[in-house]
Amino acid sequence: MLRPCDMMAVCMARLIRDGETVFHGVSSHLPLVAVLLAKQTHAPQAVHLNIPGGVDPQRPTLEAFTSAGGTLLETAQAQFPLSEVFDLSMRGGLDVAFLSGVQFDNRGGVNASVIGDYRKPKVRLPGGAGSAVLIPTAKRAIIWRTKHDRRTFCETLDFLTARGNVSDIITPLCHFKMYAGELILHSIHPNVTIAEIAENTGFPIRYLAQTTTPPPTEEELAALRDIDPLDYRNLEFR
Amino acid sequence: MNKLMDLAAAMAQIPDGAMVGLGGNTLNRAPMAAVMALAYQGKQGLRLVKTAGGMDVDLLCFAGCVSSVDAGFISYETQYSLCQHYRSAVQAGKVQANEHACYTVISALRAASYGIPFMPVRGLVESDLVAANEYFAKVKDPFSGDILNAVRAIQPDVSIVHVHMADARGNAVIEGPQYDDILLSRASKTVILTAERIVGDGYFAASSRKADIPHFMVSAVVHAPRGAAPGACYGVHGVSDDELHSFLALADAEALTQWLTRRHVYA
Amino acid sequence: MNKLMDLAAAMAQIPDGAMVGLGGNTLNRAPMAAVMALAYQGKQGLRLVKTAGGMDVDLLCFAGCVSSVDAGFISYETQYSLCQHYRSAVQAGKVQANEHACYTVISALRAASYGIPFMPVRGLVESDLVAANEYFAKVKDPFSGDILNAVRAIQPDVSIVHVHMADARGNAVIEGPQYDDILLSRASKTVILTAERIVGDGYFAASSRKADIPHFMVSAVVHAPRGAAPGACYGVHGVSDDELHSFLALADAEALTQWLTRRHVYA
Amino acid sequence: MLRPCDMMAVCMARLIRDGETVFHGVSSHLPLVAVLLAKQTHAPQAVHLNIPGGVDPQRPTLEAFTSAGGTLLETAQAQFPLSEVFDLSMRGGLDVAFLSGVQFDNRGGVNASVIGDYRKPKVRLPGGAGSAVLIPTAKRAIIWRTKHDRRTFCETLDFLTARGNVSDIITPLCHFKMYAGELILHSIHPNVTIAEIAENTGFPIRYLAQTTTPPPTEEELAALRDIDPLDYRNLEFR
């Protein structure tokens, strides 16, 4: 059985190119595992950056309660904490930032702030964390979201936390890509139908070609089990 | 000067309405013992500042101590999920959520640390946050004439930082990730330390590892072993799952008071 | 990626006219071996950046490599007195002295590091430096309307930093005083390291002392023991009085060439 | 025989009050010794700040070639390097900065930049180091200068590096103090005459009272020898 968390982690990892500087923040076990996977497979020279400031942690012990804990620093080569990662992005040196959100429109807009009015919100969300500054400054902002429904992928955002360089959005159903300013369907995960995606997406699905996301290879799955033996990549689905 | 005092006395230094910076990040090394003491003392109108807060902000909102929160992110991260008390308090209009990018909190603290009233920032290019918040503005680069965003300085009245070691004068070391705590210490008018361990006066002079926070910025030092629990403290302990669940299960303010009282008695 | 190369190859990466940040402070841990190699290679038009320079700036001015110097202070400090070659070159109109306060160099490097075109600064309230230099300007605080000074960002093309330890990929540690070198490394487009000691690839991962400069900022690593001599390198050696005097006694450019050649042969 | 360097060090040390934050920079052996002297005598809680970032070094070994070397850090309690000392001053937290210069007028102006035109100088000086930002922001800027002549203390500066909170100027001959915006003679060092000062000062000497600087006490002299056994406080006079 192909689990969404495995498909998502693999899909995210494959977007990381060798040598790129890559950042993930808090509440980010899936990207954390994806970065470690990329470094263990096709992108050994990717530079793993994170909040505690551990550059390229070597086989860190993952922790359930945080993706920003000290184990990412203790096995690292160099220290380069959050403030410096932000600075790096601001001066144009960050290749990839992994971010999330709660609502997305089909023009790369992200809402992680509120449902309803900003000052009198119906739902106060956790907030965009780095999004408002990283999405416009990182070369590519890759979004992952474990919910895929019409409230998440909607025509109009309640609030625009950030718009900018979103390049990809990965969900349990598919991989969207920005193309000419529009979020289009790039590939459909195995065992998912395009009808299912359309049904759960609040804007019209457009695509250049109907392709299927290549399923995880045996090597990728083995690496995932090795990197994340306690299955924290599945935390968001529990 | 010996600044050692008990937690209650240190927290009594913080007046209602104070702007309070909180060290750590989500459930990592947040100054939870101090936060519980603030709640126990029934502080009012605190204006909290943090890049990424979690249980600290949630508990103080639950206890009704908070009037505003300036932060980039408020959550327990994934395992313990959302800060429901923060969320409810904002939705009820009791707490004003001043959403920043985590970086604009950092930029605002840097401005305070550098004694300047604002910091120019890249980013925020297309974001409703700019128009929605009075602490963002446009500034003109005097050299090129280009317009960019700026964030207003944030100078907390006091920051509370949980450290691994401190001497009685207030020299302190944080092991492992320091998050934004060193900056917080510089940006704030004063600093209150809670410390896992109190070391002797000659400790840092004799060590090759010098204190990260120098004594002259600090007004109180509290010996508080496990002062970050039920959150984690790097190298000392992880999260206390049972304690976290006992807090998350509290039904109302009365239950919170009992929970705090029980912890206070045992402290 | 192995970035180890010899000093000549590393310095050959620096083109004429480059803006070059220099690490260290006065005679403390300045990258002297690299500086001598730059002089030996006959670089032209270098634009030097440093808070407080000494022999490094003086030697490059003597060798005719420099077109401008942005710094707060240029001197050997008291014992070895003034930088006569720098002074003469400025007085002859060959080198433009862009005087900063040391802090405005820091502020300008911070601006570059933060990706912003300028940094507001307190200070410079009454100073002819503001009117005399185009890199200072007035900026209006968008929140209060107050006017304060600003300094334009400085982003060196490359900074040269002498470190105690580096691995072949460019992770590096500076022991003792770091001066403004960590900031320089962040503000510059790239960094060239000269290192007392080259450590193995796993060294920093296994150590609790993590590298201060991460590998991805570095383009070249040179093994250069005594790379700060005749200046001092903290924990390794003090100043070489004889060598300093032999340099200070050099009469003219020809003597300098001989002095550099002799050192190069022995390097 | 009372040496000027001893008189100056003692005079500077006495200006430091207990508990104050005090900074000195490069080429500053005299203030370095003065701060250590003050801490060893009347101001044990003064906070010694310096360029390498050593807060309150304990009996540091002094070095001839620098007043900004690593020995000030290795015996210190905390690290607080130059950039942070500047920040502290900018936000109003630095009590005393020791600075020097080459020309001084009687309104607290300092020139450490050039003699002649800024762009085509007759003499290029080392530069003001921290002066331009510290003199206006530190609560008190204390100036020391080992030359006292009419070119140093002049009617008109060739260039104004900084003006601001200069509180005192210490020379081998006397102690000037700023009073109501004017540099006035505060005390005359032992064995110096007011005529000698007037002769060597390019602006009119004014004073409220003719007083003599109290000479160093035996305790102060003993402390000086203890702190600075190799006599680096005399470097500027050699």
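Per-chain numbering from 1; labels A, B, C and D assigned in written order.
In this section, contacts are C-beta pairs under 8 Å (C-beta built on N, C-alpha and C of every residue); 3 or more make two chains touch, one makes a residue touch a chain.
The structure presented is a predicted model; accordingly, all values stated were derived computationally and were not measured.
For the pair chain A and chain B, chains touching both partners: C.
Comparing chain pairs C-D and B-D, the larger number of C-beta contacts belongs to C-D. Centroid to centroid, with C-alpha atoms defining each point, chain B and chain C lie 37 Å apart. Separating the CA-averaged centres of chain A and chain D is a span of 57 Å. Measuring from the averaged C-alpha position of chain C to that of chain D gives a distance of 27 Å. Mean C-alpha positions place chain B and chain D at a centre distance of 39 Å. For chain D, the set of residues that touch two or more other chains comprises 54, 73-74, 89-91, 137.
Each of residues 114-116, 121-122 in chain B touches at least two other chains.
Chains that are in contact with each other form these pairs: A-B, A-C, B-C, B-D, C-D.
Listed in rising order, the residues of chain C touching chain A in the complex are 1, 112-116, 167, 171, 186, 204-205, 208, 210-216.
The touching residues of chain C, counted against chain D in their complex, run 25-28, 51-52, 71-80, 82-83, 86-87, 90-91, 93, 96-97, 99-104, 106, 121-129, 132, 176-180, 183, 232, 234-235, 238-239. Across the complex, chain C is touched by residues 107, 114-122, 137-144, 146, 148, 150, 152 of chain B. Considering their complex, residues 21, 45, 47, 54-56, 58, 73-80, 84, 87-92, 137 of chain A touch chain C. Note for the complex: chain D touches chain C at residues 25-27, 29, 51-54, 63-70, 72-74, 81-83, 86, 89-91, 109, 113, 118-124, 126-137, 159-164, 235-236.
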